Amino acid sequence: MRALGLSLIAAGVIAGGVGLTAGRSVPGHAAAATLPPHPMRVMSLNQCTDQLVLALLPPQRITSVTWLTRDPLTSRKATEAMQVGANFGAAEEVLAQHPDLVVTGVYTTGALKVLLRRLGIAVYEAETPESFDAIRDVTRKLAAVLGAEGEAEAMIAGMDGRLTDAARAPTHLRVAAWDGGGYAPGAGTLYHELLTAAGAVNVAAEGGVNQYAEFDAEAVLMTAPDALVQGVPTPDEPGLRREAETHPLARRFYAERTVTVSQWAYVCGTPYSAEAVTMLAEAFAALKAKGLDSPPFGAP
Amino acid sequence: MNGRILSFGLFAVLLAAALASLLAGRVWLTPNEVVEGLLSADATLAGLIVGELRLPRLTLAMAVGASLGLSGAVLQGLLRNPLAEAGLLGISTGAALGAVVAIYYGLTASFALATPLLGLVGGFIAAALAFALSRSGGTLALILAGAAVSSVAAAGLALALNLAPNPYAAFEITTWLLGSLADRTWDHVWLGVPFMLVGCGLLFLTAPALDALSLGETQAESLGVNMRRVRLLALTGTAMAVGAATAVTGAVGFIGLVAPHLVRPFVGYRPGRVLLPSALLGAVLLLAADVGSRLMSYNTEIKLGVITSIIGAPFFLWLVLSMRRRAP
Amino acid sequence: MTTLTASGLSITRGTKRVLDSVSAEFVPGSFTVVIGPNGAGKSTLMAVLAGLLKLDAGDVTLGGVALGWIAPKTLAKRRAYLPQTPRAEWPISVERLVALGLTPQLPFFGDVAPDEAVKVRAALEACDLLALKDQAATTLSGGELARAMLARAIVGDPPLLLVDEPTAGLDPRHALDAMARLKTRVAAGRTVIAAVHDLGLALSVATRVIALRDGRVLADIAAADVDAALLKALYDVDARIVRDDAGVSVRYL
């Protein structure tokens, strides 16, 4: 036992020395592979970049997107996703499909990104946009990398058109994007941008709150919004979100004042988010037309 | 059964499991492809998968499993209690906190190995704290100090989760805590394995003292065993081995509890003889769990820590119940 | 040289003086029995003589060298110590348990002493344990465990043997056996020091008696010289000592 112990210690010290000097344990990125000018085999490992990649490139140039994108409830491009391969974000799949470009998001596992760079695979990391300006920026940058600038400009033009339309007659309805989950989006989030672009006032951002604000039933009472906005209810998904549908407050006061919006619009920032703006603006206008533009339980 | 025969047998099983793990995964390989891939000079798909993905993963699985099994065996021998585990010293929680701090502050973006490195630091700090708190006391003092350090670190973890800046960060933290060997590279190997080797070496040095402890601490001391030195060896060895292991893979439990218990009857319950088979069986168990994780995950990865818990927890329950039956 | 000398041993715990200037000398071939009421400090004295407890004052020397200066391994080879009610922590075989007594003799590499098997067998035989050698130590009866622990203490043939309460919890037959075995050690020239409650048995086999009360040595005399007056001073109890060829018996009145 003692002999074994001492030899292991010796082995460890030697291994440590080798590791330090041989440069393998040098932290940081390995030399990043240069991005190809016109990638023909693009693989996307992030649900949000999936949407953009499917929108900008024809299916022949896409090897696979994540399996999540095939779900129509959370993905705008579910039908298009069926035409290309589905991956599970595994390194082995990347190796097997040998793409010439891998597109990832900021929140893809750090270890995976490092691994891909080590293997000399070209990786492009797209940022997460939280405003329409950022959406334009991210879309243009990705399009430049993919060699699809034309398609990007077309999408952005469509988005700008919808935004201008929606800005024509803002309702100034006071709304809260409350899913019953204990928080609501404040300023600086894409959700907030959607609500504002649709002509409403986001009560959760009123206190100057940035990012995700604490927002519970008490906050609803205090801010007294005219209407609630909720992500599309998904009947087979358990979670706190269902509480909002059944929360007594929501049932009693907001049964007719709840607007739904598809999750894909605010989870991933793409030019398609403007479609949600159009739908929200129409819904808000309808509410206003019905005279539901004041709080349901008296002003604070 | 002789302890030596058991060790040889486990080593053979480990080799077989290792070879199997090189073949299994999302992309199944044949033994031919594996050999060709390793030997060919150009980068073939099989070569890359085996050389850059599976070999480091295999090395880590064996090193981490051995570290967990061995430290569990040493702790059980030191405390003369089959329910003891390395977690008692607070080192795994400390290492987890270190790694979570790296994730929380987004250090991984700028510095690839931030998570395992800070995990190591966290583990060492926890060990140093436990040691400092229990300097003048005996073995019980060490355990109490470890429990205290563990609680503090766990509180830190809860705080980090609570204050996570966005749901993604919270998700990344939680996922890391579940334990995984996915996407580990040779960098992780060079960072973690030297510590695990030295740590395991220190742990093996406690073998004769553990045997003498079968008579209790007083008699062991009368036989010339230096209890302070044994405690220090156990603590430092665990800090290095388990600290590095947790830093690299996240929190994987039950291996340190299960492995020694399974081999003990085959070595006549001699605590010194339990060490090597526990290390080998720990390596086998973790490797099997890792292969299972690769095969069972279809959409989302089933995490390593989840698999060991699903198998380990019922076993632990059975262990407690059978102990109650034997020793009322 | 195996004369154990204690001079001026003192230990204070809080306000209580557990040992108060205890001095004694234990020469080879002597069988000293330490007697005294509960709380007199017998166990503490035994642990101190074994070199396992720190003193506040005084020292213990073995062959002229202070115990603190002897390397623990060397000391372990020269003296064996059995605490009160020793127990086995794992169900190892009796043979392995006895072999643990050879721990100080283990070489640095490898884990079997050269003639371990021979010595272990001799110890098992001397304590009548051959039939039990493969049984798990945790399944032994009180008497069997006492024999097993004694075997592990004598397997290394230490010149000095310290036993705290060798007859605790043993039935008369096993208590007699235990003391008889200790006597055999003495006959072979070794030194035995035992703390005992069973006075009759102790006085039958011992050569010397140290009476301890409240941490102080009340008497340090030959066993044959112990009389009722000493017992009265020690235990606050009237007693009668009868010495005949069957041994010594003590009757309390």
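Should a chain be cited, it is by its letter among A, B and C, assigned in written order, with residues numbered from 1 in that chain.
As a convention for this text, a contact is a pair of C-beta atoms (placed from the backbone, for glycine too) under 8 Å apart; a residue touches a chain by one contact, two chains touch by 3 or more.
Everything numeric here is computed off the predicted structure, so don't read it as measured data.
*Asks:* Among the chains, which one keeps its Cα centre farthest from the Cα centre of chain B?
*Replies:* C
*Asks:* So which has more C-beta pairs touching, A-C or A-B?
*Replies:* The greater number of contacts lies at A-B.
*Asks:* Report the inter-chain centroid distance for chain B and chain C in whole angstrom, where each centroid is the mean of the CA atoms.
*Replies:* Those two chain centres are 44 Å apart.
*Asks:* Per the centroid of Cα atoms for each chain, what is the distance between chain A and chain B, given in Å?
*Replies:* 36
*Asks:* Chain A to chain C: how many Å between their CA centres?
*Replies:* Measuring from centre to centre gives 77 Å for this pair.
*Asks:* Which chain B residues touch at least two other chains?
*Replies:* Touching at least two other chains: 207-208, 272.
*Asks:* Specify, in ascending order, the residues of chain A that touch 2 or more different other chains.
*Replies:* In chain A, 1-2 touch at least two other chains.
*Asks:* For chain C, jot down the residues that touch at least 2 other chains.
*Replies:* 111
*Asks:* If we count contacts the way the header does, which residues on chain B are in touch with chain A in the complex?
*Replies:* 25-27, 45, 48-49, 52-53, 108-109, 111-115, 117, 165-168, 172, 182-187, 190-191, 193-205, 207-208, 272, 275-276, 297-300
*Asks:* In the complex of these two chains, what residues of chain A are touching chain B?
*Replies:* 1-2, 4-13, 15-16, 18-19, 22, 24-25, 27-29, 67, 88, 90-93, 95-96, 98, 106-107, 109-112, 114-115, 118-119, 211-212
*Asks:* Can you name the residues of chain C that touch chain A in the complex?
*Replies:* Interface residues on chain C, with respect to chain A: 108-111.
*Asks:* For a test of understanding, state which residues of chain B touch chain C in their complex under the given definition.
*Replies:* Against chain C, the touching part of chain B is residues 80, 207-208, 211-216, 218-219, 221-226, 268-272.
*Asks:* Could you list, by residue number, the parts of chain C that touch chain B in their complex?
*Replies:* By the definition above, chain C touches chain B via 47, 50, 52, 71-77, 79-83, 86-93, 96-97, 100-101, 103-104, 106, 111, 136, 149, 152.
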